[in-house]
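Lettered A, B, C and D in written order, each chain numbered from 1.
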Amino acid sequence: MRVGVLTGGGDCPGLNAAIRGIVRKGVEVHGFDFVGVRDGWRGALDGGIVPLDVPAVRGILPRGGTILGSSRTNPLASEDGVHRVRETLADFDVDALIAIGGEDTLGVAAALADEGIRVVGVPKTIDNDVAGTDSTFGFDTAVNIATEAIDRLHTTAESHTRTLVVEVMGRHAGWIALYSGIAGGANVILIPEQPFDVDQVCGWVENRFKIRYAPIVVVAEGAVPKEGQMVVKDSALDEFGHVRLSGVGEWLAREIADRTGKEARTTVLGHIQRGGTPSAFDRWLATRFGLRAVDAVKEREFGVMVALRGTDIVRVPLAEAAAGIRTVDPALYAEFGVFFG
Amino acid sequence: MRVGVLTGGGDCPGLNAAIRGIVRKGVEVHGFDFVGVRDGWRGALDGGIVPLDVPAVRGILPRGGTILGSSRTNPLASEDGVHRVRETLADFDVDALIAIGGEDTLGVAAALADEGIRVVGVPKTIDNDVAGTDSTFGFDTAVNIATEAIDRLHTTAESHTRTLVVEVMGRHAGWIALYSGIAGGANVILIPEQPFDVDQVCGWVENRFKIRYAPIVVVAEGAVPKEGQMVVKDSALDEFGHVRLSGVGEWLAREIADRTGKEARTTVLGHIQRGGTPSAFDRWLATRFGLRAVDAVKEREFGVMVALRGTDIVRVPLAEAAAGIRTVDPALYAEFGVFFG
Amino acid sequence: MRVGVLTGGGDCPGLNAAIRGIVRKGVEVHGFDFVGVRDGWRGALDGGIVPLDVPAVRGILPRGGTILGSSRTNPLASEDGVHRVRETLADFDVDALIAIGGEDTLGVAAALADEGIRVVGVPKTIDNDVAGTDSTFGFDTAVNIATEAIDRLHTTAESHTRTLVVEVMGRHAGWIALYSGIAGGANVILIPEQPFDVDQVCGWVENRFKIRYAPIVVVAEGAVPKEGQMVVKDSALDEFGHVRLSGVGEWLAREIADRTGKEARTTVLGHIQRGGTPSAFDRWLATRFGLRAVDAVKEREFGVMVALRGTDIVRVPLAEAAAGIRTVDPALYAEFGVFFG
Amino acid sequence: MRVGVLTGGGDCPGLNAAIRGIVRKGVEVHGFDFVGVRDGWRGALDGGIVPLDVPAVRGILPRGGTILGSSRTNPLASEDGVHRVRETLADFDVDALIAIGGEDTLGVAAALADEGIRVVGVPKTIDNDVAGTDSTFGFDTAVNIATEAIDRLHTTAESHTRTLVVEVMGRHAGWIALYSGIAGGANVILIPEQPFDVDQVCGWVENRFKIRYAPIVVVAEGAVPKEGQMVVKDSALDEFGHVRLSGVGEWLAREIADRTGKEARTTVLGHIQRGGTPSAFDRWLATRFGLRAVDAVKEREFGVMVALRGTDIVRVPLAEAAAGIRTVDPALYAEFGVFFG
């Protein structure tokens, strides 16, 4: 049996660990043959197929990124996409595909499975927002990096009586903000799931200054203020009257500085959250996912993805991951209210 | 309501995060009053009671160790232990107790609960072997430290064609060895749950050398060879014929060196596995455990401990934790056989 | 003898280590008495004097920031500044002052010394640009943080065929950019000392893509393109025709993307470069500086600062530090040209 | 010109960075051709010569260990050693050799240079004890690792009222012990250069307990007690009356426990001190050494090694490094006495 492996979407620590697990077990236990599909679905469209064997996966376990490359190409965006994927698989005698990715990549996988292509999914994303699994690899590493950054900012905040706003990743889900904010001892945590009240945020900041500690505000990139609160000042508009600030973090720091009369600074962590060596847990989870995904191929169970349920790895229909993202439950967010302000 | 908090057993990253969560929510939400019990159950026996309020828990979130001190004192070991604990609680008007600890500490808590003392448990241990919960805080930090050490040893192993044996913590359960061994890419992982065959271990080591990579062997301190195999050789004796090795790691390294004819070295990680700042996950889990434990007191649900079940925090009878430790399932261990040798 | 200690300017890992060294040796060896001056020169102006003794410095060695607070207040900016500093010292019976800071703080110290105030300087700055010393504490930590971030970005760059621009601190001197760029394996390093040629930078970036590796560009916040090259496009202007991009990093990424036709992203490391626990070397250097500064007070040698010369700690006139900053020698920069492109 | 590169002695973070610097500049600037000599001097004896070009050094900068392998083989130990080295060089048309190593490797290089072989040396060692240079790469990484371990042990020490003894590398020189001990806030630091008094050590430990802080003792593996003090007590004997302790750290912990009546534990850091990714400074220094070493070959200046002098890289005769090791000056050690006890 010849199996293709591809990694799609944003890169994420643990991808290489998953690839290694798949190839090691596939070759050594199940007797499979492997090829790599370059740059996510793009390779499946364009015939970007490369060799993939046990020597190719030696030493990659602790390395971030993906040896297969990635892209955000969506084969469903072009009319003949599915047809071309099918052709590529036929041309290279690929019997089944293991697709490692987030909601988008797995959504494509689900659609291809519906078309009869033999595919197994592996969920990954630093955002932790794939539905159907308790967690995804990449998330733990991202949270550790963000927490370490918040730890560092505490000392600057305390030495200078200023507010520090940290913008972390999370366009649609606030998992990184919530975990790193709680772990880092932030005084305010703002997530996309819950529009925030700027007055309340400033109140929390003022409270914090009263006990002589400087406030740290963690905000997910996708968080937004309540309707009507993002009144844009002249100085914050570009020549066409559009907001010219680059992100919610910068906007919020300006608001806080204006309202409290005390200096506020922003740090945007950006891509350092998704790079570098994976945490031990992410290597562990990615390895387990890889091993179980290749088992699913062996058992000819397609149209599924592997998922974490408690401490077990289970299989769920790909459709679950494609149905929408997993967001932070308001009740969970509310649990931490005691730390705000 | 006045609540006492104690930390017992070996220290563990996240203890302070749990204490902070308990005190912040207890004071600010439930209106409780707190005292600290010094040095685990010893303080409960001897009246070692100290003040504990919100200012006392400021800044402790990222700090390892425990501000309350710890010990392995067991009040059940002396005849009047339970009586003395009861007296201390009465003397200081303590209405309920939150006990943070591993199997031993929680076992004592279970016994005291049976005697009518109002106690809530919080599981902790770097060994991850408390029954009744999916995981305990401290474990993730320990695994990260061990994995980072294994990462470092790989480069030495590769540069010198030698076997490196790493002894990690785990007297009765192999969780740290298994997780860090898989995350670190070890070639052999030995756990207490499964007596190992020295011949097989040496075979794996030899295989590894054949592909020009140096072998890393991770061994839990409680792992043992199959019956009869720990025959002490002459070379493991001192000049008077006595065994002179300190742990299984050192014994195994010598065996491997003797049998393969290639140099082998041991590293014993020891206490660095349980110190220092907790990982983000351990701070998160400890904080959640703390918040929920104090809620249990508020709801007057005693004789229970908080526990992780999937992504939820639940309450389980203390008796569950006291019934025995959680060990590595042979089936889980077997999953990783593909990476051995 | 009563000695005041103050920390001025931006905060910097190692300040607490220096304070601890001063107080431990001053009290235990020289029999001095200490007070802390709050928030840099502001406390010297306004009577912000706090107790400072051996218990106050326990446990602060590994902590970033400064227990004394800091500010950029300059007493020379107001007419009666020197007079007020003198009064504060007299009011609190302070015989001598140890001022820890960068060029600005030490410049004030030099001026006060000229006015007869007994002051000893200790150089610190993450920028490494204080004249008269081989190095300052804080720099090594900042370089380690920036290098770790660059390490992380490599994996993202490689997985996605994009250029990553990293903006690091350094308004007037390129030390952090140069050290972290070399240590992190950057393909382009741009420093304030040498205006860069955008065409050349894009050429280097293109070269890098040719060998299938993604380029990393490290740019100091104070780096500027050659005259005339920062032609601002319409889309980069605000409503008054002014450049609206926030820093050179963002501007450069846009230029590179426009010219190469390939995606480019910016990461601005910002304040995480100056926070958190100091590296071992910074703790060592700060401790040595502290010990030697208090020796200078004992020997009544004022108007000097301690400095690193090779592996020795020496004393140099404060005027040396006040005379201007230490920048990167063009010859040193040129040494690394082989790694560009 | 064809240049051979070899790495000898214990492995050390930064070796790959040095190799990369040599090859990149040698090929791209000087037009040299390179070969690698496998496993230190062993390859020079046995014809272990491998290709070494620019693609071979891509991506190795952040990796510990050495891509060329290492050994402690000494060609001067066999009568025809020099002859065989000369033959290997002739067989493979190698015109000059760059030897990267510590005292032993550089001593061999000095002897070969005396025999007319064209050799340039690059000093490396985690022990920092090569004479003729202010510092060697590898040392900063080792100190950071040891300091981080000491940081972790503080929390355990404080939580349990016990003494923790940390044994670090340093057979003949106490640099790692001194730097990491000072950076980690140890209460006692023991180095090979100065035999220690066990009574004094125990006195310091007792002092520390009095102020309720637990003592950390850092001891270099080569440190020894004053003459006559290592009397082996009954408790240090096994049941047959024989010594059963493995190193000075373990011996000392037992002595302290016996004399103070309080628990004492040992941690032996071992090989994790020499592995893993190099610190930023070590990558910087190794890169600079590499660039300058290949310049020396270009300028046909042989029989020298590159060395750090202040912030400059200079050349010194290889004989300087071969003359003996650089140890800790008693005056420097005495400077830190204030922190002991």
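Heads up, the rule we're going with is that a contact is a pair of C-beta atoms (placed from the backbone, for glycine too) under 8 Å apart; a residue touches a chain by one contact, two chains touch by 3 or more.
No experiment lies behind these values; they were computed from the predicted model shown.
Participant: Using the contact definition stated above, find the chains touching both chain A and chain B.
Facilitator: Where chain A and chain B might share a partner, there is none at all.
Participant: For chain A and chain D, what is the smallest step count along a path of chains that touch one another?
Facilitator: The fewest steps needed to get from chain A to chain D is 2.
Participant: Considering C-D alongside B-D, which chain pair is linked by more C-beta pairs in contact?
Facilitator: B-D
Participant: Tell me which chain's centre, taken as the mean of its C-alpha atoms, is farthest from chain A.
Facilitator: D
Participant: If you average the Cα atoms of chain B and of chain C to get two centres, how far apart are those centres in Å?
Facilitator: Between these chains, centre-to-centre, one finds 41 Å.
Participant: Between chain B and chain D, what is the separation of their C-alpha centroids in Å?
Facilitator: 33
Participant: Centroid from C-alpha atoms only, then distance chain C to chain D, rounded to Å. What do you get?
Facilitator: Between these chains, centre-to-centre, one finds 30 Å.
Participant: Residue numbers in chain B touching 2 or more other chains?
Facilitator: 151
Participant: What topology does the chain contact graph adopt: line, ring, star, complete, or other?
Facilitator: Here the contact pattern is a ring, one closed loop where every chain has two partners.
Participant: Touching chain A in the complex: which residues of chain B?
Facilitator: My answer: residues 24-25, 28-29, 58, 61-62, 134-135, 140, 143-144, 146-147, 151, 179-180, 182-185, 213, 277, 279-281, 283-284, 287-288, 291, 309-311, 335-336, 338-339.
Participant: Considering the complex alone, what residue numbers of chain C touch chain A?
Facilitator: 11, 13, 15, 63-66, 69-71, 145, 148-149, 151-156, 158-161, 164, 234, 237-239, 241, 244, 246, 250, 265-268, 270-272, 274-276
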